[in-house]
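As written, the chain order gives the labels A, B and C, with residue 1 at the start of each chain.
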Amino acid sequence: MPRVTFPHMGESYRTFKMLMNDLGNEVVLPPRPSKRTLDHGVRHAPEFACFPFKILMGTYVETCLLGAEIIVTSGGVGPCRAGQYGQLHKKILLDLGYPVDIIVFEPPRLHPIDFLRNIQRLNPNRMSYRAVWDCIKRAWQKLIALDETEKITHVVRPREIVTGSTTRIYRKVLEWIDRSHSAKEIEEAHSSAVEAIKSVEQDPERKVLKVGLVGEIYVLLEPASNLEIEETLGNLGVEVERSMFLTGWTRENTFSETHETISVKDAAMPYIPLCIGGHGMESVGHTVVYAKRGFDGVIQLAPFTCIPEIVARTILTSVSKEHGIPVLTFFLDEQTGKAGMSTRLEAFVDLMKRKKWQDELPEHNAVKKGQ
Amino acid sequence: MTARVGIPSSLLYYMHYPMWHTFLTELNLDVVPSGQTNKNFLDQGVKEALADACVPVKLFFGHTLTLRDKVDYLFIPRVVCLNQKTIYCPKFLGLPDMIRYGLPDMPPIIDIQMDVREGRMALFRAYNQIGSSFGAGSLQIARAYLKALYSAARYNALMQKGWHPPEAIKAVLNPNSKDIAPTARKGDLNFAVLGYPYVVHDDYISVGLIGKLKKLGVNVITLENLPPATLARQNCDLDKIMFWTYSDLVLRASHYLFKSGQVDGIIHLTAFGCGPDSMVDKLMELTAKEYSNIPYMSLTIDEHSGDAGVSTRLEAFTDMVKRKKEV
Amino acid sequence: MKAYLGIDVGSVSTNIVVQDEAGKIHAGIYLRTMGRPIDALLTGMREVGACIPPDLEIAGAGATGSGRYLAGVMIDADVIKNEITAHAVAASMLVPDVQTVLEIGGQDSKIIIMRNGIVTDFAMNTVCAAGTGSFLDQQASRLNIPITDFGELAHSSGAPVRIAGRCTVFAESDMIHKQQMGHRLPDIINGLCEALVRNYLNNVGKGKEILSPVVFQGGVAANKGIKAAFERCLNLTVIVPEYHNIMGAIGVAQLAKEEVQKTGCTKFKGFHITGLSYRTGSFECGGCPNACEIAEIYEGDRVIGRWGARCQRWDIIN
């Protein structure tokens, strides 16, 4: 049985683990990115490679040490660097002396034959296409269950009465989803997970801020890389809406474009009329959409030296002015400290609070000014 | 009064200025380049551009700012793809937008999209659009376009003879000036300096690298001096070609030079914070390991690059190559 | 007997050696530059002039280090070489089959890869000083321990504490955190040594093939803790030469010898320069918006050297 591994991206590994197992591969689970992962990554990756590259590099080295033989990852057709990562990772790993192969999945619409060939390589038992399709369908279902569950935590967390209770329940329900296997089990796990999180004791009266998260996909999806920003924001009483989920992204890149994406593209059109690679255009478009939907602020997460996001950031300055929505950007890399980030987040939350509720508290402000 | 059109002397300037200059001049426009980079440009750019942007983008901001009050239009076309295969780095694609939304009070920006993948006549259509926007007739535009193509061809031919872009630009645009001699080849060592034209040939940001090498007795060839057709055929041992035009060229050039062995040393000049280069440099480093008979050095420059640091490295590298040759 | 003079004017120290034909060191002086390279050089030359035996004839002189041009014009050196070549030459004189040279000084660090006596690759620290001696200096003053005790203390540590952070400021906050958690001082110091080695290998050492024999030189090589950390990290024996802190000067003395063998005679002015007056001046050139800062050095009233221009306008034509 080939020993297969894949990148760690939030909770999605639970899905890929099931999928790879179902197809008849032995899975080497990627560890959650840690200090050690980064040490490996920083050591072997080019100095100015972006943060996701370094994390993936570290993850691959760690899994290679655990005996992985095949790495499965996604590609892309540019102009973002991520599309080139697979082959560079492979060259570096071979140079380090790890005999691994990397299977890069490209968008099937452009490379349908490669796509099928890659699938067959991960199908050592030569299951029928129909059986493979079933496995993928169930994996997709699980991915949706994971994403939907996560979305609910974003709503519940800022309203919880006991700090940390949402996160505690969330950890528990993830295990339920993890253990489910058949379509029916996944469905049951999904609905009971949603139930469990919704039943966390909440304060319905609490005033919460709504913040949109935009930016590059990896740092958005992997909490270890963005220093658990969603949890931190939730604990500060902010409801987070992330602009990207693996289900959303995969759908955009594999099937037809969804309605929402088109409107995001339209929203970005006056500012960036073409795709500049990565998620630069989406970052701008989502910010406009969030502003129109009355959000209190937008946080952009980008890897250090990510060009599409730098372009987006330059343009977001005027978007922020024109639409009156505060935007905070974090360029993340291995040097980013959690303490510094929390300070800036707290200040940003204060800023949004003052902006939102200053009209509601005129006397209070008057007193303050009088002092 | 003729309208003044400003072209920042940075980024695409080094590849396309002769063509753009000829085209716009033929339309009876007054073309104003921002001129050679100096400290002022860099300081302004660093102040105005996002801190996380790469040095060339900051420089471009600086060049654009100095043109702000001198011209009626800014010529910053959105160059997407010119060879059917590779596209330009994302920063080129978003360049007009970054200037428009990143800098206040800019004159109107001519940001025609140039993407040859849109059809056979796409490039001409783009130029036609530029011409029409200035109210030129179709005959005048066609004539200007042909002259521009001729300029570009002459420019490329000069560079194939070993000229470097700054000299070649001067020669193409003032055909009467005799005082500029082509790059002489007198040194005993031949180095290739690979990197993006807007870094290698910008004397200020490269800390006079090419001049320094010449002083050390080294002949320098750059990306533009290599035959494009050979480069296009060059195999880079990759599953997937580099997406970005310049990165792709640099990588192909490095493979070509490593494999043909016609130079004594290869220097890769890269700008601090350049995203594509982080990959290109690593790939070149891995290739250099295979072809260890040709010494390879990568040199990173940024807005604070000290003269001393670069000199020391160049001297050490030249010494290394010389000593190796003597043995 | 013929001997050769080697001068290394660095940012932190100015070193002078006198080495005879056979390679024996007759004088080896290590002085702090303290921001006044001319004074340091003249003081050093005076000391050297006084201590070498009278039958020793200086048959060649060379200058290296970041102040090599200054020193070069002051003494009229036969050869002015960059410090990488000088260090490589010195290391291969001592260990002929050396394959890797690690050099860590006060504010810079380099790695030189050599194969068959020839430099094949090198790197110098680029944007940050985390892999240099000043990293240790900072932390030593923070801990209030003389830097000279660092080696011994690190040696007595059982298990190093992991100090995170590339930049000195972050490392400092992490170190304070570890102190407050109650870790032993020797373990913290050993951790600092490992952090420096890790930073060095991740920055200048990145992608380099480090093979034995490894020579470790520069001021920091005196620190046993760092040597041990390198040995642990590389799993190789690391050789620290006796004159580890003046290797640059030794190398350039050797290069001067080679140069004089080619030219036949030396240009060296002699030790009497210690009696001359040197002064420096600087001005801002107004020729173009670059506004280069031009530095000059005068010997008496005569300008003997100028630096800092980006063009040829201020070159001295002899």
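Keep in mind that, in the parts below, a contact is a pair of C-beta atoms (placed from the backbone, for glycine too) under 8 Å apart; a residue touches a chain by one contact, two chains touch by 3 or more.
Quick caveat, the model's predicted, so the values are computed rather than measured.
**Student:** Determine which of the two chain pairs, B-C or A-C, is joined by the larger number of C-beta pairs in contact.
**Tutor:** Between A-C and B-C, contacts are more numerous in B-C.
**Student:** Using C-alpha centroids, which chain lies at the maximum separation from subunit C?
**Tutor:** Following the centroid criterion, the farthest chain would be A.
**Student:** List the centre-to-centre spacing of subunit B and subunit C in whole Å, with centres computed as mean CA coordinates.
**Tutor:** Centre-to-centre distance between subunit B and subunit C: 37 Å.
**Student:** Taking the mean of the C-alpha atoms as each chain's centre, how many Å separate subunit A from subunit C?
**Tutor:** 47
**Student:** If a residue has to touch 2 or more other chains to count, which residues of subunit A qualify?
**Tutor:** 47
**Student:** What residues in subunit C touch two or more of the other chains?
**Tutor:** Within subunit C, no residue touches at least two other chains.
**Student:** Touching two or more other chains, which residues of subunit B qualify?
**Tutor:** 272, 282
**Student:** Applying the document's contact rule, which stretches of subunit C touch subunit B when the two form their complex?
**Tutor:** Touching subunit B from subunit C are residues 66, 81-85, 116-122, 124, 126-127, 207, 288-291, 308, 310.
**Student:** Mind listing the subunit B positions that touch subunit A in their complex?
**Tutor:** Touch residues, subunit B against subunit A: 49-50, 52-54, 57, 78, 80, 87-91, 93-94, 97-98, 101-102, 113, 238-240, 242-244, 272-279, 281-283, 286, 289.
**Student:** Using the touch rule from the top, collect the residues of subunit A that touch subunit B in their complex.
**Tutor:** Listed in rising order, the residues are 45-50, 53, 75, 77-81, 83-84, 86-88, 91-92, 95, 104, 271-274, 276-278, 280, 304-308, 310-315, 317-319, 331.
**Student:** Which residues of subunit A touch subunit C in the complex?
**Tutor:** On the subunit A side, the touching residues are 35, 42-43, 47, 335, 337.
**Student:** Touching subunit C in the complex: which residues of subunit B?
**Tutor:** Residue positions touching the partner: 38-40, 203-204, 208, 272, 282, 285, 292, 295-297, 300, 302, 307-309, 311-313, 315-317, 319-320, 323-324, 327.
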